[in-house]
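What follows is a pair of complexes built around chain A, which joins chain B in one and chain C in the other.
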Partner chain A sequence: MCFNSFFFLFFFMLINFFFFVYFIMNGLSVFFEWEIISFNSMSIVMSILLDWMSLLFMMFVSLISSVVIFYSKSYMNSELNLNRLIILVLMFVFSMVLLIISPNLISILLGWDGLGLISYCLVIYYQNLKSYNAGMLTALSNRIGDVMILMVICWIMNYGSWNYIFYFDFMKNDYVMFIISFMIIIAAMTKSAQIPFSSWLPAAMAAPTPVSALVHSSTLVTAGVYLLIRFNYLLIDMFFFKVLLFLSILTMFMSGISANYEFDLKKIIALSTLSQLGLMMSILSLGFPDIAFFHLLTHAMFKALLFMCAGVIIHMMNDIQDIRYMGGLSLYIPLTSLCLNISNLSLCGIPFLSGFYSKDLILEMVSFNSFNLMVFILFYLSTGLTVFYTFRLIMYVMISDFNLMMIYNLYDEDYIMLNSMFVLLFMSLLSGSFLSWFIFFYPYMIYLPFNLKLMVIYVSILGSILGFMVSNMGIYSLNKLLLSYNLSSFLCLMWFMPNLSTYGLSYIYLNFSQILFKNIDMGWSEIYSGKGIFNILKNYSVFYNIYQMNNFKIYLFSFILWFMILFIFFFI
Partner chain B sequence: MMKFLFMMIFMIPLCFMKNMFWLVQMMLFFMMFLFMNLNLNIMCFFNMSYMSYCDIISFGLILLSIWICSLMIMASESLFKLNFYFNFFLFNVIFLLIMLYLTFSVLNLLLFYFFFEASLIPTLLLIIGWGYQPERIQAGMYLLFYTLFGSLPLLMGIIYIFNDLNTMTIYFLKFFNMNMYLLYISMIFAFLVKMPMYFVHLWLPKAHVEAPVSGSMILAGIMLKLGGYGLLRVMIFLQEVNLKLNYIWIIISLVGGLFISMKCFCQVDMKSLIAYSSVAHMSMVIGGIMVMNYWGFIGSYILMISHGLCSSGMFCLANINYERLHSRSLYINSGMMNFMPSMSLWWFLLLSSNMAAPPSLNLLGEISLINSLVSWSNISMILLMMISFFSAGYSLYLYSYIQHGKYFQGLYSFYVWFISWVFIIIFALISFKYDNFKGWFYFYLILNKK
Partner chain C sequence: MSFAPELRSHSQKVCNFYKRAMRTLEAYHVARYVIRYHQVILRNELDKNKAVCDPKEHRRLLRVAENELFMSQHPIPVAKFARSVGIAGGVAYDRVQVIPDWVMDYWHPLEKAHYPEYFKRRECRKCEYIKKWNDGEIR
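Up next is the complex of A and B:
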């Protein structure tokens, strides 16, 4: 199953790659439409849009998923139901492809809803309480987006069809488009875990690591970004896009800080994914969709690689994810450390790795365009924070002594995992340059003052020094954090966002529903219908029984009384 | 139409023979396939004979009821194995099917009323006869009297219509416009109770909890749809009053749908959770019918059929768990994925259909209902969003509670009882999915022809 799926997906990747090259060379885009149902002068169609963007994204998705499936052959080796995982991953790829190729809202919903459900199944793949809760959080956060898409479907019905791309030109300033853009942005924010909804992404790390590499780093979470790239033409002037800019920058900043407090290896990577998503969203909402797409693709490569390295390390550490137990791994597992370091440095944007091309472009575009000071400062702070937590992670994992046990089993010869990592290593070395040659026909013209140009270097150096210092903090200085306990708990708990979306909310709703159930279903409506009427009738019949059974005289008397009344009625 | 009626009537002696359980069941399947190949006329009614006819609404619902009845027999095969009066059970089911068939196909409003009420009796007998707890008597009474409370005014209304118009042919009633408040209330209230609307829904969870699997399946599958069918039929000659008063029912059912779907979160009984979820879906159907536009009409029809398939499938699954663990409590039924991994796929498919996930027919229905309701009023968008969100919530709550987590520690022994349950599941649920696609296909046909 693993190898078959691997070959299938790899072949699919190659096809996509060839078509991508063909399409982008000739400037082609192909649009299929299949009309499923048509009534009331509206038609529900299944439409497929193939252009270089969708083909390229499909190529990346199928490449990462093929590699991940290959990888999970070894990672999930002793899993009894491996086939279930593979089938779920294939379903995931299918719905992702459905989402990528459809320019129609109903067919987008197919992929979008499918992504939510399948990622739910993948998160609860392991049977423990943590993954149960994480899966619920993931599914319900994504469901908000699904509901928004449903509502967009019913609003876009005003135009008579659901092919949204046709309405961008004429209906751009329409009131309905205003609502649609609002809902689309909320949907994208749930999928891409922007600020009010971002607590699900670190929680979803309860999934198996290959799944995290595929779903929660590179593909599913970028679906929101992709949707907004498709809707970009509509949204670019909207007020909500400015709000999105604000929220996404804050997401980037927030997750950068929280990653520095975190000790869970996968959660650090998840938070760095979150910060990169914020970066993509913010550059998108500044009005550069192609750069956002570029960063989406390069990020997908090195982040999937990072997760796979983390998986290897977790595998070797007897399933321990805490980075405080690790250390000195570069001496024992050089190949995995190579991959980890390259992907990490690529994440920081070290020159000529893939992340450099996109991230440097983003930061220079931000400096080049005149936005306000807050945007500028937060962008550079978050870039510094990225380097900060990356160096902290490298220090903890790579340098110093091994902290777990006396007897350990670190080996670097699992070639199934390593080979699959090497594919992505190759891609995360080269994809930046090759994509920038492919998809930008002409280079961006940027000129900056010298210090502004070197701003990235400054914050990177500052961040790396800080990361080095933080990783060497003794227990004494860690205790000093307790002096500002409120601040540090605020920062390390992702600005209390898990409280917002889990126990903070659910308690209110569950309490309310309990009250509803008790007072209405078991209370008032029972009294006023079933039980109440029954009691009234029973009481009356008991009452009349007293008349009839117990006192024969009263019965006769009432008979005479009735007789007299009738007499009076008829004859007087 | 008469041929199917006679086919069913002549199946009654078969019920009382020995070891004819599966034969009756297969005959019902056979009949369904015969009925499916009936010559469909999209524009108008077809196959008219003596007192019965068939148009596209009744065609789908008859198909659904034959299908659900044969699946009911399949799902309650333990009656046959345990020799628990299965002859009478079969007779009961066939009788119920005849009543349902006639309800959906008769041309006359009074006869419709007659069979509408008569279908209550075999359901009552199913609950009282094959239910599990002593509380089933009370549940039966609830079922009976709630429905009768609404339907006696319905009789008065029908007789009034006959006095006034001198016809009771449903097909002709669409040429009239009866602008009377009392008639309006009396005509629709019975159906609203049957659907059930929010405040009069109390009979449904009770009946579901006490009913055997067959009773639950038929209740969720067909009996709720009787109300929807009736509403679809009577809306047409009450147009003017509808415009004045329909908003009441829409508001009650939408707010009620929200409340009901929130109440699902405090259920610990599988069956009662599914029953409450079906009330929440039916509230959307009421809204769609009451909005009175074409999207709402089609959407409520589609959602009725898809919900009939999906919720009866879920009741069947709940019963399979119940037969093995002898409890419907969510706490005892947890962790089933370890024992029945393939079952968890079916649970997931059905529950995802229940929350209107993509490939299901429910999605088509729900999209068109949302379209119609939002086109009626923008504010209903908020309620619909909440209903749709919570429907995912309780579906996943049920799924993950049953399939996930630790299994019940007091579980002494667990075995897959009969091999034939595999066949039941495969038949019931593959064909459920097949029916979904078939449904899409039918709607493809129907809607494109218009």
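Up next is the complex of A and C:
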């Protein structure tokens, strides 16, 4: 089943690629519409939009999912129920494709809900307590977004159909569109794990690694960004976009700091994904949807590759994910460390890898346009933090001394996993330049002072030096201050926001519901229905039994009594 | 035992505390020589109070030490074996769920009728097993 799915998705990717090239060269856009019913002023249609953006995104999604399925043939080799995983992944890809090609809110809802549900099934795949908790967190956070989309569907019925793309130019300043834009932004924030909905993404690392590579790096979490890119014309002048800018920049900064204090390999990569999602949302809210889309695609490539390399390392280390037990692995797994290093350097924005094209463009646009000083500082600080945790990760995993037990079990000669990683490696190297030539027909003209242009290099060098220093702590290190319990627990636990949004929000209500349950459900409503009525009926039947099961004399006596009552009633 | 501390002796409590303190040091430091350096210092601190005989002093020292360990615990404890539970255990605990065999006994007869040979053989095996248990061949 793995190979069949791989071939199908790879072939689908090739079709999408050819159509994408044809469409973008000729400026084509195809819109299929089937009218289901039309009454009064309401028309219900099923539509599919195929333009260069949807074809390109479908191509990337199908490439990553085909490679991940091929990878999971070897990674999940010992799994008895591998077919279940493959079917779930295929359903996930189907939901994603439905989301991508829909200009219609109902089919977006189908894809959106499908993504949320299937990601829940994938997170709880391993069925231990940690996975169950993580799955519940994921599903409930995504559910908030689903409710928002449902409410948008209700509100947009005011306009007569659910095809939102028809209404952008005409209804922009309408009150209804104001409400719709607010809800769409909330929905996108839940899916893309912005503050305050960011607790589910690190927790969802309880899923198997191929699932994390597909779902939590490139497809599910980018669905929110994609929705906002589609709705961009509507949202561009709204106040909520400024709120989104603020929240996404804070997300970027917060996750960058948390990744520096984290020691679980997959959680570091998850927080890195969160940081890049904040970057995408912030550049989108600054008014550059095409750059956000560009970064979405390049990020998908190198992040999926990074997760797959992490999977090889975890396999090798006997399922241990703690980087404190890894070290010096580049000597033993050269090809995997090659892929890991290239994806990490691409993440940092090292020149002429794929991440450089999108990240550098984003930072130059931020510097070139006159935005807030805080925006500017936090953007560059987060870029520096990205390089910081990347170099820290490379130092801990690749360069330091090996810290576990034996080294004879370190090998990466599994060619199924390696071949799938090489496909993504090829794309990580080339997709940046390839996409910049295709997407941007006219390059952005940017004029910057010399030092501002090199600011990225300065923060990258500073980040790399700090990353080197903080991972090389000896006996007499100076940076022990950063290890104090209060500071490190605050910063590594994402500023306690997951605690606030889970335990903090639900504690009062759960307490109150327990009081209600004890007093009403198990108290008064048992007396006045349920057990109470049962007791009454039972006691009455016991009472009546005295008359029925007794001797004949009492039965005759009641007979005579009844005659006396009738005589008195009728004749007196 | 955490639920009945009065049933553990003082030396057991000290050993438990020592192990947790060592694990905390392993969580804070990564290089092996740095870990050993701090662990040797910790051992020295405990050895300074080795000759104390007063039980009240024992309890006071343990209380102070537990408090210090609590205030300096690592937010991300280290776990050496991914499939174990407890302080040595990690992310892969309880991943593979093994469904017990007695669940098959609860199948509906109509469901069992789909696999008659299997369930017939299963009944024979069960009888054989009970016979072997009664004869003492299986412990």
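What we mean here is this: the second predicted complex is superposed on the first by the 496 of 572 C-alpha atoms of A that agree within 3 Å, B and C clash if a C-alpha of one lies under 4 Å from a C-alpha of the other, contacts with A are read in each partner's own complex, and residues count from 1 in each chain.
The rule is simple: a residue touches a chain if its C-beta (ideal position, glycine included) is under 8 Å from a C-beta of that chain, and two chains touch if they have at least 3 such contacts.
In this text, all values refer to a predicted model and were calculated from it rather than measured experimentally.
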{"item": "Touched partner set for A:Met473, first chain B, second chain C, both or neither", "value": "second"}
{"item": "Touching partner for A:Gln321 - first (chain B), second (chain C), both, neither", "value": "second"}
{"item": "Touched partner set for A:Ser488, first chain B, second chain C, both or neither", "value": "second"}
{"item": "Chain B versus chain C, judged by how many residues of chain A each one touches", "value": "B"}
{"item": "Which superposed partner A:Glu526 touches (first chain B, second chain C, both, neither)", "value": "first"}
{"item": "Chain B versus chain C as contact partner of A:Asn403, first or second or both or neither", "value": "second"}
{"item": "Which of chain B and chain C A:Lys130 touches, first, second, both or neither", "value": "second"}
{"item": "Which of chain B and chain C A:Glu262 touches, first, second, both or neither", "value": "second"}
{"item": "First (chain B), second (chain C), both or neither touched by A:Ile236", "value": "neither"}
{"item": "Overlapping contact positions on chain A, where the chain C interface meets the chain B interface", "value": "127, 129"}
{"item": "In the complex with chain A, residue positions of chain B that touch it", "value": "142, 145-146, 199-200, 202-203, 259, 262-263, 265-266, 294-295, 298, 335, 337-338, 341, 348, 352, 357-359, 363-364, 366-367, 370-371, 374-375, 381, 384-385, 388-389, 392-393, 396-397, 400, 404-405, 440, 443-444, 447-448, 450"}
{"item": "Residue ranges of chain C touching chain A (in the complex, touch as defined)", "value": "26-34, 37, 71-76, 78-83, 90-95, 97"}
{"item": "Chain A residues touching chain C - in the complex, by the definition given at the top", "value": "126-131, 206, 261-264, 318-322, 324-325, 327, 396, 400-401, 403-404, 471, 473-475, 483, 485, 488-489, 492-493"}
{"item": "Footprint of chain B on chain A - complex, ascending", "value": "36-40, 44, 81, 84, 95, 106, 109-111, 113-114, 117, 120-121, 124, 127, 129, 132, 135-136, 139-140, 143-144, 146-148, 150-151, 153-155, 157, 509-510, 512-514, 516-517, 520-521, 525-526, 529-530"}
